[in-house]
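Quick heads-up: structures coming right below.
Below are two complexes that have chain A in common, paired first with chain B and then with chain C.
Moving on, here comes the complex of A and B:
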């Protein structure tokens, strides 16, 4: 069956049933996204009344398409499912080529009405008979930036070259709206966040978390896996799958239903068993699965895991250009309780004292430096180099509020030179926060474009650095336990 | 069908799996109570044995620090009387005589079959305010010795255990108990729930002793989720 999932991410031609010429409809956006991302093979809009949409000739039905079709996207009103399945039978009897259906349309089993369930049963019975895998219903679809597929109806403003940038993050979302929002948030960063594969699974009538996790487990283009989840009926099996994969590839989960009322809301939404959150939480911790608390936290952590090497441990130095943000960071750091402040060696102290402004605070308290607003671009960078060179330091949180008299661009370029060109980012993670807001998007873009992640606030750095340190500690602990 | 083992049965089962519990005996008359108490060392604790009475202390069905035979007989009468007044229809299985354990650090250990995850083990700060403090750590079973230690390290209890107020408590004994509880749950999937609270933990080398225990069993293994 895994072969069929290949057709989900790399299909030989795609039919869009319910394609529309009306730009206000999802059936239009899907076609626009598919053509926009540059899907290299054939796209067949299926629409009874139109002859052409976005320059693509329309077919009246699935059975009338002469070419091979491996992937079908359904975006029709749910009541039409019976006729479409009849037509699909005709096609399969003749051509037997369809491998995957993405049912984007809603108003199926999730409504818990007799009609909705009947529609979902009709879809699933037909699919099973022909060994077709089904994604959804009630989902926004799939994106694959490597194979250039985008069957979602999420509006995007990204230029084409930014759209197909591939990253190592593969993402699974149980909610379509969260999936769409995560895509849009990722696109809104200083440099749009690149993903590898992205899928919204909706009702999970067939393809579910475990199918996709196992697919991503062996997918060479996937470095790190992200998940938004509300619940899954086989909690134990899910945890065992996650636990197995987390030893090889980091997994970041945004699981909602943390509170009793949140769980009640989850149960009435996707119709899935939310399960006791305390047990999920314990299991995530037990098996090294990273649990993000917010959408931002999840995106930041996925990005950092994809872009940087893992630290050797949890000794994380706070290197700040200004007192306030440094203290703000220190509070968040201590409250998180996930990392330890390193004690750097006397040589490093001397190097810092020699290179930084005289008024700089070096290691008071230990593991913390405030280089002050009088620091030049060179001092910013050389001090960071000294800290990164110290063997007691596993990672650095770097915070700067670039003073008005310094060139932000020059700072961005100098950091890029140290981290990317001299290769420091490949040795230890550096969580960079350049404050603040839209005023620093340009300098962040210089870094992000060269593959270095940046963060909005010091607190965001702490969250992500803490998750990653804990993950590394888990892997080390596992290794030691297995030896014993 | 689910069934609550009574305190004596629960205690005996836990003892069988190597989890140290206070000595208990059931008595069915004043005279019987006196004999059983004398066979233990005074002081003893006496309480009602009845699955129908959940909050025994509040019902006046627990009397502690009983030091001689005369007090045993009086306590027997009082407990039976209070039980009958408190809950007329309660089935009374007898009056329990228990060794009065030396007070230790109050810990809770337990296990519950989660409908989705199967057996989950629990450890943390025990006593009557367990739900208030919520200083509890959970793990899916099975667990290793290191995992048992790691779960204790997630609780605030660990600081007390390791000498926050001078006394260093018997962490190894507690870990042993968690591992035995784990074995007990895995060997007997029909045990749906175990609660030992409080478990008195003593200083290093002196072990622990469970004072109160609840076990819920089921006659079918329905809730066990599939394993991958």
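Moving on, here comes the complex of A and C:
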């Protein structure tokens, strides 16, 4: 049934059962998102009492749609599932075309009530009989920015196609609310974050972490995998799957239930056995699975992994335009304990002394430079070039509070030239933090539009750089074992 | 000379030496900011080669200004200090009016060069002779949003008066770059952050932490004090001052140089003896001085302290609209270890059961509720009311990812009614996180415009609520000692 998952991301026509003409309903937003992202094939709204929604003619039921339908989205009140499944049988007996159902509606098994469980059973029994894969129930749907699918009911005022950009991040979320928040956070960046595939799995009545991880494992469009998880009934199998894939593609996991009370809350929510967190944590470390602690940390690390090459090691230089932010960054760096300050060679030191302002602090302490507020755009960039050219440096954290008298735009263009056009970012990762807030959206957009990630704070750079350095150490250890 | 500091925040006329008509120069931005914020008295640009800048007639020198001048801002190349001080003598011999100099220019003592030190000595000797207080050199200046002063050269595209709102936060920064970043971060919030007084002290050649702390101690407009520090030569005196004031007004400190390497970088920067961090840290804990770890944490805690009442204790309830964000918050809460989950009474439990959706999780675990995505606006708010009414609850962390089918604006208005109009926020603090990003700016603005702080993430709520709970514990301990 694995091939059926193709129909989740690249279906031949989609039916939305419970589509609505009322903008306050999820069944309206799903249609709006699907049409807005530019889904190239046919969309069939199913609604008994409307004739047309967003210009699309409505069908009265699934069985009445004459064209092929491979993907069905259900956003009807849960109690209607019995009738819908009856109708689905009619269709499958005749056309046998549906391959995937996304049951976005809630009020199924997650309620732990007899009614809810019965509804979920009805859905699953019908689906199994016809070899239909089910996503959900109780999920927010699927986005594929390459195949232009968006079945979510997360309302955004960005044009959906603003996100359509070929990124290689694919993401799985167990929680719909976290999934929605992650999408909204991604949209709020200086340049909206473009995931490749994004899926909210809800109750995991059928399609679950392992199905999707295995799908992403061989998916050529997926370079990096992110997941938010609360728990999973077959922990050992999940870890084995993650461990196998992490050797090929980096995986970043935000797993909650880290604490006893967090686990207790998770248990009430998804019934997950979250007490096993220590086991997960140890396994994540052992198998090079990156564990993020916050949503921001997870998204930052995914973006950096997708956009930049891996470093050769963990020797990461701190290159700051100002003392305060540099010291602030150094504290976070040392507390993280994930990286080493490199000792650059005398030639690099000389190059820095020659190019930077006389007041610049070069390597006091080692692995650190403060180029000072008097540094010009050229000095910002040429100093960075010198540091990147040094073989003792595996990566650089670059921080600047662009002074009033420098053009932020000129700095953005100069950094873009060095990193993207001259290809430095393909050799070593550079974690850029241009402070702060709305005032630097333009310069960050120049960089991000050209594929160079930027970060909100020095601490964000440190966390992400540390995760990636640790992942690189894991891969190197693996390589040594494999040779031995 | 303490009264002279009044002229820093409320001067009778201001001269800007080094004012410029070139928008790329700091001397232009200072004039633009001063006029933009609506400084109500006279501004005198001093520039030998221009006749008028931004509609203000230029003077050729300080001594040629006929009106009274109490505050002088210097933004000239450092080498000109000798001539300017000669001219200043001429003025003081005649008019004796200048009370404060803000030396924004750099290239003084901080360079540790003979020339730099000589320049700073020239400035200080002249100032001392005439009892003039000096802020800087090497600083970004002063803002007073009540008296409408802004001598900074931080360029913003917000109308300066967007920040003019009566807040009670006064802030001192040792680093100009951190100060600029903090201002830009504050401007980037859903509602720009309005500090009361904001001052960057640079080299502290004269006006330093203690001067300003003592000023804020008795300043009726200051409710909460924030500071960014790298080091201070008289640590014991600083701690004594902080300890005395913290009993009356909360103080939030972001002190860098926490780590050995951070301290080494600080030492190169300000020559501060940062090795003393452990001593500072212990003193902060002992005397109820709140230590923030990040800029965001510091600003959040300042905002919350300024806007809300202190809790009676540390029993903080987590009230979430969704499972994922609730569990995520619980992990952060337990890891912080600063608060206790309250056990609410059976009456409150009944009220929640009566008002919340049937699927809601009420108190599993204790001190936690998940009202679920099916909760209406009214249920969001009435549930919160029930929790706040319970005497076992000292504070609430409230998290929601507003579902598509609920009006965010209606939720904002309903929360504003409960918290501000019905006065709940004057009884107990409520830390609101409405997720996420740009999509919730409008609802957050409704709340913040009415004086209710909101937070970006559940983790931000936890950090701030924890700091404030700890501060409250300190005050209670103090009260017990005082009675004993």
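Throughout what follows, the second predicted complex is superposed on the first by the 481 of 484 C-alpha atoms of A that agree within 3 Å, B and C clash if a C-alpha of one lies under 4 Å from a C-alpha of the other, contacts with A are read in each partner's own complex, and residues count from 1 in each chain.
The rule is short, and it goes like this: a contact is a pair of C-beta atoms (placed from the backbone, for glycine too) under 8 Å apart; a residue touches a chain by one contact, two chains touch by 3 or more.
Predicted, not measured: the structure shown is a model, and the values here were computed from it.
Engineer: Just checking: does A:242 make contact with chain B only, chain C only, both, or neither of them? Give me first, second, both or neither.
Structural biologist: Neither partner.
Engineer: If we overlay the two complexes on their shared chain A, which of chain B and chain C does A:282 touch? Say first, second, both or neither.
Structural biologist: A:282 contacts chain B only, not chain C.
Engineer: Report the partner of chain A that touches more of its residues: chain B or chain C.
Structural biologist: Between chain B and chain C, the winner on chain A residue contacts is C.
Engineer: Determine, under the contact definition given at the top, whether A:484 touches first (chain B), second (chain C), both, or neither.
Structural biologist: first
Engineer: Go through the superposed model and pick first if A:69 touches only chain B, second if only chain C, both, or neither.
Structural biologist: Neither chain B nor chain C is touched by A:69.
Engineer: State whether A:181 touches chain B only (first), chain C only (second), both chains, or neither.
Structural biologist: second
Engineer: Mind working out whether A:31 is in touch with chain B, chain C, both or neither, as first, second, both or neither?
Structural biologist: Neither partner.
Engineer: By the touch definition at the top of the document, which applies to A:233: first (chain B), second (chain C), both, or neither?
Structural biologist: The first partner, chain B, only.
Engineer: For A:257, select first, second, both or neither according to whether it touches chain B, chain C, the two together, or no partner.
Structural biologist: A:257 sits against chain C, while chain B stays out of touch.
Engineer: For chain A, which residues belong to both interfaces, chain B and chain C?
Structural biologist: Touching chain B in the first complex and chain C in the second, no residue of chain A appears in both lists.
Engineer: Along chain A, where are the residues that touch chain B in the complex?
Structural biologist: 233-237, 239-241, 273, 275-276, 278-279, 281-283, 285-286, 477, 481, 484
Engineer: Sort out for me which residues of chain C touch chain A in the complex.
Structural biologist: Chain C reaches chain A through residues 24-26, 29, 106-107, 111, 153-157, 173-178, 180-182, 184-188, 228, 230, 254, 256-262, 264-266, 268-270, 294-296, 321-328, 330-331, 333-335, 341, 359, 361, 364-365, 368, 370, 373-374, 401, 403-405, 435-440, 457, 459.
Engineer: Hey, which residues of chain B end up touching chain A in the complex?
Structural biologist: My answer: residues 114-118, 120, 137-140, 144, 146-147, 150, 154, 225-228.
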